[in-house]
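What follows is a structure written as structure tokens; I'll ask about it next.
Residue numbering begins at 1 within each chain, and the chains themselves are lettered A, B, C and D in the order written.
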Amino acid sequence: MTSAIVLGGSRGIGKAISDALESIDIDVFATSKNDIDTSNLNSVKGFVENNISTDILILNTGGPVPKKFLDITEDDWKLYHNQLFLGFCTILQNMKINDGGYIFLISSNVIKEPNPKLIISSAYRVAFSEVFKVLSKDFAQKNISCINIAPGPINTERTKELIENVKEYEKSLPMKRLGEPEEIGNFVKSIIENKIKYLTGVTINFDGANSNYVF
Amino acid sequence: MTSAIVLGGSRGIGKAISDALESIDIDVFATSKNDIDTSNLNSVKGFVENNISTDILILNTGGPVPKKFLDITEDDWKLYHNQLFLGFCTILQNMKINDGGYIFLISSNVIKEPNPKLIISSAYRVAFSEVFKVLSKDFAQKNISCINIAPGPINTERTKELIENVKEYEKSLPMKRLGEPEEIGNFVKSIIENKIKYLTGVTINFDGANSNYVF
Amino acid sequence: MTSAIVLGGSRGIGKAISDALESIDIDVFATSKNDIDTSNLNSVKGFVENNISTDILILNTGGPVPKKFLDITEDDWKLYHNQLFLGFCTILQNMKINDGGYIFLISSNVIKEPNPKLIISSAYRVAFSEVFKVLSKDFAQKNISCINIAPGPINTERTKELIENVKEYEKSLPMKRLGEPEEIGNFVKSIIENKIKYLTGVTINFDGANSNYVF
Amino acid sequence: MTSAIVLGGSRGIGKAISDALESIDIDVFATSKNDIDTSNLNSVKGFVENNISTDILILNTGGPVPKKFLDITEDDWKLYHNQLFLGFCTILQNMKINDGGYIFLISSNVIKEPNPKLIISSAYRVAFSEVFKVLSKDFAQKNISCINIAPGPINTERTKELIENVKEYEKSLPMKRLGEPEEIGNFVKSIIENKIKYLTGVTINFDGANSNYVF
């Protein structure tokens, strides 16, 4: 039976991916912060000792509270360096992804069009995207596909925390609505279900035409 | 019943998409050059007069013979300007895509990393990608998703014409093989089948980790 | 004595570049539409017959009137295909750039972040940028540098035509002002004056921090 | 008199910039590792306490020893997180750049086309580039220009350490040579000398047409 580990699998996009994978009979471990806290390297190391391999890995984690650049403390930088970058590196250095598997990274569209309020997230998520791109060429040799999904405004608790008036905000979006986590969940599911492997080393905006950069 | 028009649907990637869409009971019109020749604007205009609307449109066409810049004639430029750019513009100016529909553009990874031998293709395909990006924001208001797929080396007749020794070439690729047209066909199918709409205004490399640009 | 041909050299950015190059004793031919009309291939061919070589070439031309996609006619497409793309290709296919020379392309920041009102400009300028990138590798072998400058809002007649209320618009810009053509003129001058050659194959946003894409 | 602080100003690109700025009578503080060690946050904090403001700041630092992903230790990540990212953030949070000033970041072309051997550098340099892009919009309001220069292969001690056979390597480059540090030094100088301010929020490849991405 195919196995999957979904980090941050208890809510939002992570939960939607977990649910979608379970619907096609994948054995999903949807982790919560009790299982693994990527901001804590000891927690990460403990987790990978107990979970030494998987077929499918979903690298997903919440983002930081919005802060202006001048208000960000050294502790903030270091915490989110762990949470958004070093925790994921540690996992990929220590966990075995089985041949023919998949790694999905859930990053954010701020990696291409950085957001002043989400400067920490912009910085560390793009840093990991760079690592992920490099590794995709190695993983390709084991028929493991690496797909970076960069969501825009999605209908999650987090978005509601970040956006003051969601109804008004939605009117400003090309699709006049937030994206649904299930759309990302189904997207991930369908790639796996259809055994699409050549889609790898790629960053996919998932933002309802909200971004402005041509690619 | 859902309808689809697949340009260049008689072979290669176009055929694979046609086959995949038919497998989920979509009414597919897989066009050949007899139905519509995008290098000939009169042919395009005739086609759109007879095919005034569709739910799903796949903008797909073959590429030019490789030529060095200094060898490209004025007639070459104008022919492929029609085939790769103006024909598609004419279709989108005249054909109605039904609300909730999909438009897929099959471009090429040369739009991001241009190839000296495929300079015509690089130029006109990126030009249309720019138009497609702009239009995606308008189409979003009608719940129509616009997805630009930028394939790398795919196992088609065309690739065999362009590459002298395919076996040797495959060894140089991260996945040690060409992509299969069916992977793209299934990818397109699964987006439609799963009613994924928020994936729009996006360019998706489909190249087996072969490109080097970070995004 | 070093020679330069500046297309569209009679006004705006072209004039500023001409003036700056003259200030360092370069022999500048600042062309007007009477000398060469890049929208007319016969005019282009006549020009290159009479101007067979140069040390420095500035590829610069005005942009089209803003039009919505659905209002663009076949004649519009073809006219600007010549003016923004094919005219420049014809020049580079027929004019000799002397070893150690420079080619500057004045494109636009709409090549990266396309503008719905400037869809023609976005499409054909990015198409030529693609050609220019490919050619930069060939020109490098002759020590010829190819630099693509992508201006944002610059204080020219054209900007005043495109923007209704310039004073209001300026308040929305990060620098609270338009760029001055002289800044681009001096930039071009200083690269040549300082014999900087390794800056080539590059696209340089010149937009006062107005763009949002990370690069 | 105009003042400049050049980090890593004692050798390579930093020294070339220092020399170029001195040639136009700027009061340059070319720091060495004794003055400030960006890998050590206490050293950084001490430095900014003693150097509270400057007109021109050059953010420049050496890169890490090449290491494969699986060989990178937690200490490596943390050291270079400081050196390539957090040290620079700390400086920009605490040092005053005088109105009308300039900040240049010397990053690397690996931020766009990551290098497997330079994965640490790719990751943290792009992370800081993201921060720098965001800040450029704030600095614009004080007429401070932020310019990210992304060098390719430059003729420095470091390149000679990274490349086994430099002579052979040079043959593979479009310009058949490495770039000279002086070209970057003169480029920086000429922007300042010509009071070019609208060139800001920009990343400039400086690689002799060696990169392949279209922009």
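Just so we're on the same page, contacts are C-beta pairs under 8 Å (C-beta built on N, C-alpha and C of every residue); 3 or more make two chains touch, one makes a residue touch a chain.
These numbers come from a predicted model, not from an experiment.
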Going by the contact rule set out at the top, which chains touch both subunit C and subunit D?
-> A, B
Tell me which chain's centre, taken as the mean of its C-alpha atoms, is farthest from subunit A.
-> C
How many degrees of rotation map subunit B onto its copy subunit D on CA atoms, rounded to the nearest 5?
-> 180
Same residues or different residues: which describes how subunit A and subunit B meet, taking over half shared numbers as same?
-> same
Just give me the whole-number Å value for how far the CA centre of subunit B lies from that of subunit D.
-> 40
Cα centroid separation, subunit A vs subunit D, in Å, comes to 30
Tell me, which residues of subunit C touch at least two other chains?
-> 111-112, 114, 122, 126, 130, 133, 137, 214
The subunit B residues in contact with subunit D across the complex are 111-114, 122, 126, 212-214
Complex contact set, residues of subunit D against subunit C | 111-112, 129-130, 133, 136-137, 139-141, 143, 146, 152, 154, 174-176, 179-180, 183-184, 186-187, 189-191, 193-211, 214-215
Going by the contact rule at the top, pick out the subunit C residues touching subunit B in the complex.
-> 41, 69-70, 72, 74, 77-78, 81, 85-86, 89-90, 92-93, 111, 114-116, 119, 122-124, 126-128, 130-131, 133-135, 137-138
